[in-house]
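Here the chain labels run A, B and C in written order, and each chain numbers its own residues starting at 1.
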Amino acid sequence: MDTAHSRKERIDRGIKVRSDGIYALMSFRELSYLTLPRLIFIVGMLSLPLLMPGMYWQRVISIVCIYSLLALSFDFLAHNVGLVSLGGAFFIGVGGYTAGILNSYFGIPPILTIPLATIIGGVFCTVLLLPCLPLKGVYFAIITLMYPLFMARIIEAFDIFGGTDGLIGIDSFSNSWVEQYIVIGAVLLSLFGLRRLVNMDLGLIFTAIMDNDQAVKASGINITHYKALAVFIASAMGCLGGACITHIYMWSGISQFALDFSILPIAATVIGGSGTLIGPVLGCLILVPVSELLRDFGTLRIVFYAVILVGFILFRSEGIMDFGQRKYEQFERQTKI
Amino acid sequence: MKNQAKKKGPILRVEGLTKHFGGVTALKDVSFEVGEGEILGIIGPNGSGKTTIVNNISGFIKPSSGKVYYKGKDITGKKPHKIADMGLTRTFQVMRPYYSLPAYKNLVIPLFSPRARRTGGWRGGGRLGDRHTVSIDILEEIGFERDSYIPFKTTSTLPTGYLKRLELARCLSLKPEIIICDEVFSGLSMSEISSMVPLIERLQMEGITIVMIEHRLRELFRVANRVMVLNFGEKLVEGSPDEVMADPQVKVAYFGSEEVEEVMTYA
Amino acid sequence: MEIIVYGTINSVSLALMALGFAMVYGVSRVPNFAHGALYIICGFSCWIIMNKLGINYFFSIFLALAINGLIGALMYRFVLIRVRGMNISEIIGSYAIGLAILEGLRWGGFKGMTYTLPVFMEGSIIIGGVPVDYHRILMMLIGIFLVAMLWIFTHYTKIGLALQGMAQDERAALMLGIDSDLMATLAMAFGAILAGIAALLILPLGNIVVESGYHVLIMSIAVCIVGGLGSWMGAIVAAFLIGFTQILTVVYIGSHFQMVVAILAIILTLILKPSGLFGKQHELEERV
């Protein structure tokens, strides 16, 4: 068709139009239109460990889930609260060390250290980030980028918690099934929990803080309080991931503060679609296995996802999720002008 | 109904307010009082420090020196949300709605605040109902057509008139005792203003004290009980609208002779 | 005496590192997180030109600087220009580019002891009982000369004034016929060249290692944040502040804490006074 005399037209699919309202669901077809994508995702996530060929790839699934937790926390903070935190490594490190210390110094079993590390780590991160909460934009991003570096240097300089060697001899999970279903459960729980939270009135407050914090102040609401709450939620998720990583590798060390944990979740979020919450998880499902495949090439994989990141920022900033959603809910056709 | 507000004790008292920005003095020793239930107009040329006064009173800026008393309590330098929680609210000159949200969800946010929960919103009797219902009720009272799609439209698509009302609605959902309006008339068409004026008068009837900062002198002089004139950060005159208009100082410093005549003939 | 001499040298090298970062941010408001990568890449390109192509040291320096400027300009023209104004995308984008360059170099086998640049002048003199080699003195002199030249450049030349105008108000500058994209590209190129100069002055004192790219990035962020983002004077004062503090901690506490000082400086400055020592008052924007 001659493009000069026609243009592309996007039309909502009939079911989409009807299901946007409240009273529209009339048939199983329409019900399944809404629930099928979610169902496929949940069932897919739950059956992943069964489908994986061996121990190695099952481990990769666990790592995917941990990165997903981080990416979720980044996405939530950045696109629902307006705090761009580049300090994913900070959350992982704090959670990892908390779990490690609880386990190796106090002998608490993993089943207790993980929830404890989640709460204690979340509180610790929130308290440390509390003075930075009034900062905005670049300033908050830079300061959160510095925190993990600072923690790593402090541990190195004071030679505490095993210094550069880290804490070794930490208990592992009782078996790999427990390990995987704990992390997968954590991802699903935080994903759907966050989606619910964002649509509640509390989530509206977060959106409002992102949109326009002055007006929220003028509404008689203490924004520091709500920002702290959001940071606590996000950092607790990161700490949960960190605690799991410590028990998976039976080790916690300075490399848990490494920049890997800050940059990969961001790349996953950009690729998956920012602000969608499910996008980051999809991004991790794609990025982490690919980077595992490239493990033989050493640091080249960092180059690889840095390049992908730049590519997506430049050419497809909406991300996979928005793209897919559009294709699912609308169809395109050429119409004559 | 002008000048009929009963003289009660001052609800807001500002003493010797001074604010420097670096080397610039934006406000210099400004003092005034606002009586309960009164409408005070503050006028002055651009850059005379009107908005700075609002920012200082509402806690968005800390004054360099001077005191602000609200209901006899010193609120100087308190956090904005604390001051709003006490019942002193403000609108913004550059409107600040939450552009990504629909209009009615804009009000869910102030209704979420501790004060709204205590008082139940503008019309609430101490208990807050469902926030979404309450917010649509408030929007209807302030002039958003109920049963139309307007309260559900995304805020970024609303015209200025509705946004100004939304600013007022945000203050009202806190059940305020005093509202400081920073240029609610500016940018509105004549018909929009003429529907806004009765609203202001109604708020006064309900016992809400209002401080209005305006450029639209005609409408301001119609509703205000007293008017204060600022020039270069200093208080020039204060008095009833008639006194202010008659003052020769004001003529020279601010109005320019032509406009005064225009206003005079109108009044 | 030792502290004064080493402190001054350290401060000057910090100022050199940060100059490019401060310049780019000051003009185009782009926080160039690829600064460290540009620094390292200049060192390596100079080494390659000299050792693989056999061109003499003097010319290879200029060639390397030119290449660096080109890389900076290209980076702005093709990548950063598209995310202009979105601060977070700028940070993530430029950081990703820097990461790709640095890790790419590491993957390409650029590590180990073989990569060194010769010093400009051999020998040393003794200042107040402390031996200082000529190269460090030269470095200081060039550093001071560079700052002076930059000052003259921004205050008295047409391009410099245009850059200053852009930094103050981009829209107004656009209205006066200054092509803001061209200027930002130029600024980016200058920034890259400044990073290169810093690299060529500092790197001969040790090996060229990829890790120092991250180090340089953090140090220049520290200097710029403490001095106030976008303020030149602030950056220089902050360089001396951090430089001397670092030397003092190294002497009295331990060398492990050198980096801690820089990071702590960033964190404390951002918490206590985000606009830095010489940053502009943000309160002013509220006034109408």
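Definition applied: contacts are C-beta pairs under 8 Å (C-beta built on N, C-alpha and C of every residue); 3 or more make two chains touch, one makes a residue touch a chain.
Remember, it's a predicted structure, so these values are computed and weren't measured experimentally.
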If a chain touches chain B and chain C alike, it appears here: A
Selected interface, A-C versus A-B, where C-beta contact pairs are more numerous: A-C
Chain whose average C-alpha position is farthest from chain A's own: B
Core chain by centroid distance, with centroids computed from Cα atoms only: A
Whole-Å gap between the CA centroids of chain B and chain C: 49
Gap in Å, rounded to a whole number, between the CA centres of chain B and chain A: 43
Centre-to-centre distance between chain C and chain A (centres being mean Cα positions), rounded to whole Å: 33
Touching two or more other chains - residues of chain B: 60
Residue numbers on chain A that touch chain C, as the complex places them: 78, 84, 86, 131-132, 135, 137-139, 141-143, 146-147, 149-150, 153-154, 156-157, 259, 263, 266-267, 270, 297-300, 302-303, 306-307, 309-310, 313-314, 317
Of all residues in chain B, those that touch chain A in their complex: 58, 60, 79-81, 84-85, 89-90, 92, 96-101, 105, 108-110, 112-116, 131, 170-171, 173-174
Residue numbers on chain C that touch chain A, as the complex places them: 31, 79, 82-83, 87-89, 91-93, 95-97, 99-100, 103-104, 106-107, 218, 221, 225, 229, 254, 256-257, 259-260, 263-264, 266-267, 270-271, 274
Contacting residues of chain A [partner chain B, same complex]: 201-202, 204-205, 207-208, 211-212, 214-223
